[in-house]
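In the part that follows, the structures are each spelled out as C-alpha cells.
You will see chain A twice below: alongside chain B first, and alongside chain C after that.
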Partner chain A sequence: MKGTSLGEFEELVLLTVGILYNDAYGLGIRDELEKQTGRNVMISSVHKALVRLEDKGFLSSYMGGATDERGGRKKRLYELTISGKKVLNRSKELRNSMWNSVPKVVWE
Partner chain B sequence: MNRAKLPPKWMMRFFRWFCRQDLADAVEGDLLELYERKVLSGGRLTANWHFIVYTLSFFQPFAFKRQREQYAQLNGFHMFYNNLKIGLRIIKKYKAYAFINILGLAAGLSAFLLMALFVMDELSYDRFHDKNDRIVRVTYELKTPNATRQGAKIPFPIKQVLADNYPEVEQVARFYYWDGDTPLLSYGEQKYTEPGMYFGENSIFSVFDFEMLMGNPETALSDPRSIVLTESMATKYFGTEDPIGKTMRYKNEDDLVVTAILKDIPENSHIVFDFLLPIELQRQRWMGWGKSTYDLEKDWNWAAAWVYTLLTPGTELSSFEDKLQAIAREHLNTEDQSGFSLEVQPLADIHLKSDKSAEARANGNMTQVLSFAAIAVLILFIACVNFINLTSVQTNQRFKEVGLRKVMGARRKQLVAQFLTEALMTVSVSSLIALGIAFGTLPYFNRFTNKAITFDGQNMLLCLALIAFVLLITIMSSLRPAVLVLRLKAVQGLANRFGAFRSKQRFSKSMVIGQFMVSNLLVIGILIVNSQLSYLQNKDLGFDKENMVLLKLAKNLSKSQYELFENTLATNPDVRNMNRGYVAGTRAYTNTFKVVGSGSDENYSLGIKWLGSGFLDMFGLEIIEGRDFDESVQNDIKSGILINEAAVKALGWKVEESVGKTLSFLPGGASQPQEIRVIGVIADAHFESLYDAVLPSVFRRTESSVGGAVTLSISGNNRAATLANIEEVWNEVIPQWPFEYEFLDNIIEAQYVKEERLASAVQYFTLLAIFIACLGLFGLASFSVQERTKEIGVRKVLGASIMAIFGMVSKRFVWLVVISFLLSTPLGYFLFDQWLQDFAYRIDIGAGFFLIAGLTSIVIAALAVGGQSLRAATVNPVNTLRHE
Partner chain C sequence: MNKLPPAWVLRFFRWYCREDLVDAIEGDLLELHQRRLGKYGPVRSHLLFLWNVLTMCQPFAFKKRPYGRQNSILMWKNHFKIALRLINRQKAFAFSNVLGLSVGVCTSLFLLLYVAHELSFDNFHKDADDIYRVNVISFNPEGNFYRTSAPSPLAALMDTDFPEVVATTRINRPRFPDHLMKAADKEFYEPLVYMSDEGFFDVFSFPLLYGNAKTALDDPNEVIITAAVARKYFGKTDALGEVFTYENQFQLKVTGVLEDPPTNSSLQFSFIIANKTPGLLYPGWLNDWGSSNASVYVKLLTGAQASTTTAKFPEVVERFIKDDLDKGERYVMSLQPLTKVRLNPHVAPERVNESSNKKYTYILPVVGLFILLIAGFNYVNLSTARISGRLKEVGVRKVMGSSASNLRSQFLVESLTLVLLAMFTSVILMVLLLPGFNQLADKSFTLSDLGSPLFVISALSVTILLGLAAGLYPALVLSKAKTLAALNKGFYLPGGGKIYFRNILLTVQFAVTLVMIIATVVIKDQMSFLKEKPLGFDAEQVLYFGQRDRAFWQESGALKNELLKNPQIKSVSYSSGIPGNPGYGSTAKLENGAREFEITHVMVDERFMELYGFELVDGRSFDYDLEADKTGGYLLNETAVRQIGWNNPLGQSLEVWGKKGKVIGVVKDFHFESMKSEIGPIAFHISSSNYRLVSIKLGTDDMAPTIDFLEDQWSQLMPERPFQFDFLDKRFEQYYEDEKRFSSIMNIATVLGLVLAVSGLFSLMAFLINKKAKEISIRKVLGATYLNVTRLFLNRLMGLGLIASVLAMPLAYVFVQQWLGGFAYRTSVSALSFLVAVIIVFSLVVLTVGAQIARSVAKNPVDRLRHE
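The block that comes next holds the complex of A and B.
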C-alpha cells in the first residue's frame, strides 16, 4: 500500500462519505460532491478514489439492500473507519495550525 | 421494469468482462441509476451516449479483474508445499525408479558438464587477446609437383615489407624459435637447459595481451642483450629476489639482463614460452657481433619466424591476402624456386584449424573437439530420454490419483503444477549431484585430457545456462503424458487404469531405439578407435626403435668431442653402437630439390635426414639398390646421398635407374645451389607419424651432430647402469652441458597420445552412456511388467511356462535393441570411415566390429530386462491375481 497520504480529491471524497453518513454509495457521493464543489465529477473517478481509500484502510464497505431502481443492483455503502477519521482530523489540524502560523498582516 | 430503459447490452457485457467482481454490482448499479436519470432528462440517445462514455471511463487498472492475484495470495504457498509433500511421497513409494531417474540424469549431466568444459576450453584458445579479431598470422603455401606444403613460418625480412607497403597493417610482431638445440641458461650456480626459450620483439607486447608484471613493454626487448622471463621461471632462478636487472648467462656465452617479468602464458594460447629473448640477439650472434655478413633480417630463403600482423579495423582478409601475393612474387619465388604463395589466418583459428608444418605447438584438432561435443550431446540426450521415459511411464500409473483429484475439484493448472513440481524436484536434486560429481572428478578429467581446466564464473555460467535450457525442454516433454492424462474425464481415470495408455508407448519405444542407437554407435567407436591404435602401435615401422637412446644436445658437438665420447663409451659392452644424426622423431626438415640434367625446372619437396657412419646397421635399415656410404671415399661423405623408395616414386624414377642421378638444392644460409649424387636406395621406413605416408627423403652423411642429437643403441640389459655410465662419460667429456636423454620408442608413442586420449575418453563415456541407457530400459521394463502382472498371472494359471513368459516380456525390448542396431550400423560405418581417412595406414572396418557391438548391446539389454522378466515369470499367480 502506497503510504497513507491523502490527495485533495481523496480528502473531499472522504469528507463526503462522512456527510452522507449511512447512505454513502458511488453515485450519491458524486452528486453530493458536485453539489458542494460545483465541479463536474466523473463517476469513475469517484469509484477509483473509493477503491484506493478502501485499500488504504480509511473506508470500509458493505452491500446494501436491493432496490427497484438501478436495475435491481445493490448499492455498495461506504463508511469511515477509525483511521479514516484520524486522517481527516490530522489534515484539518494541519491546516488550522498552518492558518494560525500565517501572520495577521497578510490578510489585511 | 421497463425494457426500454435498458442501456446497450453489448456495453454492459463488455463492462462485465473486464470489471472485477466485487466492484461490478455496485458500479453497474450506479451506471444504471445515472442512465435512468439521463433518459428522463435528455432522452434515450443522449443517455446511451453518456452510458458508453461513463462505462469506458471505468476501463482503468483499478477496476480490472484480479482474481488470479488474489488466488495466489490465498493459498499458493500451501499448494506448493503440498505438491512438494506429495512429490516426496511418490519418491518414497517408487524408490527404485526415483533412484534410477535421479542417478541416470545426474550421471549424464555431470558427463555433459565435463565435456562441455573441455569443448569450451578448446574453443577459448587465444581469445584472451583483446584484439584477437584483428590479429592474423601470415603463413605460406608451396606447391611442388609431388606435394603441397603449408608452413606456419615465413622469412624474417617480410616484417619490413609488411610495415612499409601495407596501410592496413598497424603492427607486425614476430616470434622465432630455434629447435636445433636446447640452450643452456645459467644464473650463478643454477644451470638448466631450457626448451621454452623463444625470440621476439617489443611489438609482441602491443599486439598481444600477454600480461606484464614488471618492466616496460615498450623497451623490454630493445637491447639485444636482454631477456624477459615468465613469473614461474623468475621464481625458479631467483626465488624471492627481485629479478629485474639481474644478469643471466645464455649458452655460456652471452650475458643477458632481465628487463621484464610476464605472467605465465595461459594454457589456452597457441604459443607458449618461458623466456623471450630479442631476435636481435640471435642476429648479432650469427653475425659474430659484426664479424660475419650473414644477416637473418635479409635472408629470404629461410622460413624461420611466426609473423603476426595487427590489421586496422574493418580490413577484409581475402583482399589483404590477395595483396600479399605481391610479396610472394617479388621475394619468395626465385628462378630456383617457385610456387610460393602467402596466406593469412585469423589468430583464433590457429589452435583448432591449422595443421601446418612448424606450428609453434601441437595444435588441437577440430575433429576431436567435435567428437567430444557430439558425445556430450549424445549422452545428454540419452539421460534426458531416460528421464522423459521414466517420468511419463510413472505418470501413466497415476490415473486414479488424477481422477480422484479431479473429483475433488482440482483444476487442470493445479494438476500440472503438481507434476511440474515433481519433475523439478527430481531435476534439481540430480543437477546438484551432477555438479558435485563434476567438481569431484575434474582433476582426474584434467589429467587424462592433459588440461588445466578450472571452474570459473564464466564457463560455469555458460554450462549452467546450457543445462538449464536442456532441462527445461526435458521437463516440458516429460509433462506431455501428464497433459494427456489430465484430458481424461475424472470417471475414466478412476475406472480404467490402462485404457489410454497403450498408444502412447510408441513414443517411449522410439526413445529407447534412439538411446540404443547412440550407445551402439559409441561401442562401435570404441572398437574401431582401439583397434586402429593398436594397429599403429604394432605396425612394423621398418627400423629398430627399441632400446634407442636419444641424447639431447645443448650445442652441436665438435668432431673431437664426439670422438672422445664415442671412444670412451666403446668400452661399455652394453652400449652396442652410437651415432650422430637425426632421422626419427618429431622434427622433420625439408627442402626443395631439382633434378640435374632432366631439362625440367620442377622443384620437388623432400625431407632431409642426417646420418652418421654405420647408421643403417644400427637402425636395421635395408639397402635395396646401390650401396651404403663408403667411409674411405671423400665424395660419398661430401656429396653422396641415399634416398628412400618414396623419394624414388616422388621423383618419378625407377629403383634400378636411380643410382647415379644428381639432385641440386640450396642449403640453408648458402647462396649457391649444391649438387648431390644418389649412391643408394633404402627401403621405406616410417620415421614420421603413421598419420602420413612415408615422407620422400634424402639421407645425407654428417660429420657433426646436426640436429642436436646423438643416438645410442644399448643392449637393454642393466638399463639403469648403462645410462648412469653414459652420463658419467658425458660429464667427463662435456662437463658444461647437462645430460638429458629420451628413448626413441617413447618419442614415437607420444605421437599418438592424442588418439589414445580420445580413445580413453570415448571409452569411459561410452560405458556411462550404456549404463544410463540400461537404467532406462530397466525402469521401462519393470513398469511394463508391473502393468502386466495380472496378464502374466492368468497366463501362468493357464499353463504358460516360465520360459514362455520370460520370452514374452523380454521380446519387446530386445526387438527395440535389434532395430536400433540395424539403424546404427550404416551410420557408424559412415562416421568412423571418415575418421580413419585421416590416417595413411589404417585398418579395414570389418563386419566383426558391428556384430560385436550389436551383441554387446543385446546382451546388456537382455540382462537389464531379464531380471524383471524373470521376477514376473516366477511370481506365484495367486499373489498377483488376488488383487481386487
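The block that comes next holds the complex of A and C.
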C-alpha cells in the first residue's frame, strides 16, 4: 500500500467529497472546490486526486445514474471510507494541536 | 447540432483511458462541454474539450498493460542495469567502443555546427528572403564577366519606377585594403570600410546600439561604426558625435554605433560612410550607367516574385546601357537572393566572408560522414560479432518467458547506454577541441554555440539515432534466435546473412578509408606543386605597398634616390600593378582596328622588369635611352601573343588605353595571380605617372634595420600616414589559405579515419581469433605453419580489400578531379597515389591480423585443448 500521507489538494478533495455527501462525482467536486476556494481547478487534477485517494483507500466509489446532459454516461460517485474519515480527523487534530502550541504572543 | 465534441477527440480519449474510468470521466467532460456550449459557442468549446482530454492524458488515467505498468518500468530498469554490468565486465571493449563512437559523434557534431553556420548566412535580417543583390553578367566573345555590382543609378530607378521594390541601397567597397582612419589620437589602416546610403537600414537589419537607423546616413560626412571600432578608438561603445578623419581628407561624424556584424553575415564591415559625402566617390557616379560601381541591394514586397522584377531589366538595359556596350557584348542583370550570396562562387576572392568556397562547404560534411560511418560500422561489427557469445543468454531469457520485443528493447537499451556515454565523452571532447576546430574551419564558435537549444536538440537526436541504428541490427538478429538452437549450439545464428553483412560493412570501411587516403595524397601533391611551380618571376625579398596619396607620388622621385643609397636596398620600382595585384584592365586595339580584346596593362618604371627578373623569350627589354620605348614600347607576355595570333610579334603595332606603340619584346608567361586562374594576356609599358604601387627588393642581410630605415624615410616624407607594407611571397601564399586549411582538415580526418578503422579491425579480429583458438590449436597440432593459419584469416580480408579498392578508386578519382578542377594549373593525378593508399591499407590489415595470429599461434596447443 502506498503512503498514507495527504497532500493539501488531496485533503481538500476529501473534504469536498464529505461536503457533497451523496452526490460526490468528478465535475461536482470540481465545482464545489472552485466555489469554496475561489481558485481555478483543472478537472484532470480532480480525477487524478480521486484515483490516488481511492488507491490509498481513503475513498470508495460506485457507479451512479446517468443523465442526458452527460451523453448518457454514468457518474462515478465517491464516498469517504473509514480510513478516509480517520485521516481527515487526524489531520484536523494535528492542526489543532499545532495551533494550540503557537504562543499567544505570535497572534498579537 | 454540434452538440458532441469531435469524434476523434473522443476516440483518442477512449484509446488511452482505463476502462473503469472511461464512463465517469467522459461523462464529466461532456457535462462540462454542454455547459460551455451555451456560454462560448461550439468552436471554443471544442477546443476546450480537446484541452481537457489532453490534460487528462496522464499516467493515472492510462490503461493497465496486461502484465502491469510497474513491471514494464522495472524491466527497463533491469535492462539498464544489465547494460551497465556488461560495460563493467568488458571494460576494454566498452572503452574502445565508447571512444570510437565519441570520436564519430564529436566529428559529426562539429560538422553539424559548421554546416548549420554556413546555411544560416544572412538569415538574421528581417524578411531575409525578400532581399536580393543585383548581379551583372556581360557575355563577350572573349569570355564572360561576372560582377556582383551594378550601375548606381539602377537603385534610384528601382526605387521610383518599380512598385514591388520596398527599399534599395548601394554599397561601395573600394578595392584597396588600407583606409586610413584617425580619431582620438589613434590611427589605423582599416580594411573593412563601406560606403552606403540612407537605404542601408531599410534593407538590412543590423541592430544599432546607439543612434537612429532612420537618419543615421542621411547627411554627408556621417559615419556608422561597429562596437569593436568604438572600443578600439575611444575605449567605449557610446561614440556618438565623435569625429574620424578619413584619409587625412574627410571629417566624419559618428551618427550610429552598430553591434558587430554577426559571423554569419556576408556583409562584414567596420565603417559605413555616408556615400553622399562630397568628394568621396568620383563626380557623377550616381548617374553613371556605364560602370558597375556599387553593390546594389533591393528589398521586395513580402512574397513578391523576383522574376517580376528581373523581367523589367532588359528594358532598363535597352534604355540606359545599350549604347555603352562593346560589339557583340550582351549585358544581363539578375537578382540573387541575399541568403544565397554566401555560396555563390562568382565573387572576387578578397571580399571578406562573402564567398566561401562552395566545394568545401559540401566536402567537409562528406568527410565527417565518412568518419561517422567508420565509427558506426565498427560498433555494429563488434556488437554483431559478440552476439554469438550471448546466444546462451538469449536462450535462457526466452525460456524464462522473455518476449522478442523484450529482448529487442534490452539490446537497444544496451546500445543506447553506450551511445549516451559516448555522447558525454564527445561533449567533453568538443569543449576541448573547439579552439582547434575553429582554427581549422576558420570559424569562431564559442561554448555558447554548443549550448544553444537547437544544437543540443540536434546533438541528442544524432546520438539517439546513432544508438538506434547501431543497436537495431543486433537487436533484430538476436531476438529472432530460436530458443532451442540458441541453448544447444551456442554459436548458431539464424540465417547466413550475418557474415555477408559484416563483410559489406568491412568493405565499405576499407573503401572509405582508401578514398580518404587517396584524396589526402593528391591534395598534398597539389599543395607542393603550388609551392614548387616557378611563378616565372622573383618574389623573394620583395616588399611592397600601395599608395593612393598624390602627395606621395610627387615626392616619389626623391624618395627613390634616397632609398637606393642604402646598400641593403637592391632596387626600388614604381608601377601601376605588381604580381598579385595586377591593377588595370583595358581594351587593346590592333593596328587596323579590326580586333579589340581585354588585356591587363601595367605601367612601369625603368627598374620594374629587372627587379622582378622576368624572362624574355623574344626581342629586348625596355631601353630608357630610347625615346620610342618611353612613348610607345610594349612588352607582351606569351599568352597575349598567342591570343592575338602573331607569328612574329616584334615590331607589330598595338594600342592600349589610347596609347599607340610597337611591340619590342615578349616576356615568358608568369603567374600574375593565383594558380587557380589561368594566365591572362598582359602588356607592360613605360609611364612616368599613374603609379599605384612601390616594390622594394631587399638584400639578404637582416631585414629589421632596413625596414627601420624605410620607416624612418617614410615618416619624414609622409608624417600624416603610418607606414604599412607586405611581403610579396606572403601575398602569394595567401592565395592558397583555403586549400591549406582544407589540406590540414583532410590530414586529420584521414588519420582519424585510419585509426578508427584499424582499431575496429583489431578488436574484431581479436574476437574472431579468440573464438577460433581451438581450431588454430588443432590445426597446429596437425602440422599447420604460421603462414597457413594466417592465410585462413587473411584471405577473406584481402578479398574484401580488393573489392574495396575496385570500388574506391573510381570514386576517389572523380573526387580529386573535381577538386583539382578548381586550379588552372595542377599536377596530374598519378597512379602512385592510388598505389600508396592501397599499400597503406593492406599493410595495416596484414600487420593488425598478423600480430594477433602470431600471438594466438604462439600459445601452447595443449593448454587450450586439454579442457573438454
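The criterion applied here is as follows: the second predicted complex is superposed on the first by the 107 of 108 C-alpha atoms of A that agree within 3 Å, B and C clash if a C-alpha of one lies under 4 Å from a C-alpha of the other, contacts with A are read in each partner's own complex, and residues count from 1 in each chain.
Rule of thumb we're sticking to: contacts are C-beta pairs under 8 Å (C-beta built on N, C-alpha and C of every residue); 3 or more make two chains touch, one makes a residue touch a chain.
Values in this document were obtained by computation on a predicted structure and should not be read as measured data.
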Q.
Quick one: is A:25 in contact with chain B, with chain C, with both, or with neither? Answer first, second, both or neither.
A. both
Q | Touched partner set for A:52, first chain B, second chain C, both or neither | A | both
Q) Across the two complexes, what residues of chain A are contacted by chain B and by chain C? A) 25-27, 30, 42-44, 47-48, 51-52, 63, 69-71, 73-76
(Q) Touching residues of chain A toward chain B in the complex: what are they? (A) 25-27, 30, 42-45, 47-48, 51-52, 63, 68-76
Q. Hey, which residues of chain B end up touching chain A in the complex?
A. 1, 6, 23, 25-34, 36, 54, 57-58, 60, 62-63
**Q.** Residues of chain A that touch chain C when the two form their complex
**A.** 25-27, 30, 42-44, 47-48, 51-52, 63, 66-67, 69-71, 73-76
Q. So in the complex, which bits of chain C are touching chain A?
A. 4, 21, 23-32, 34, 52, 55-56, 58, 60-61
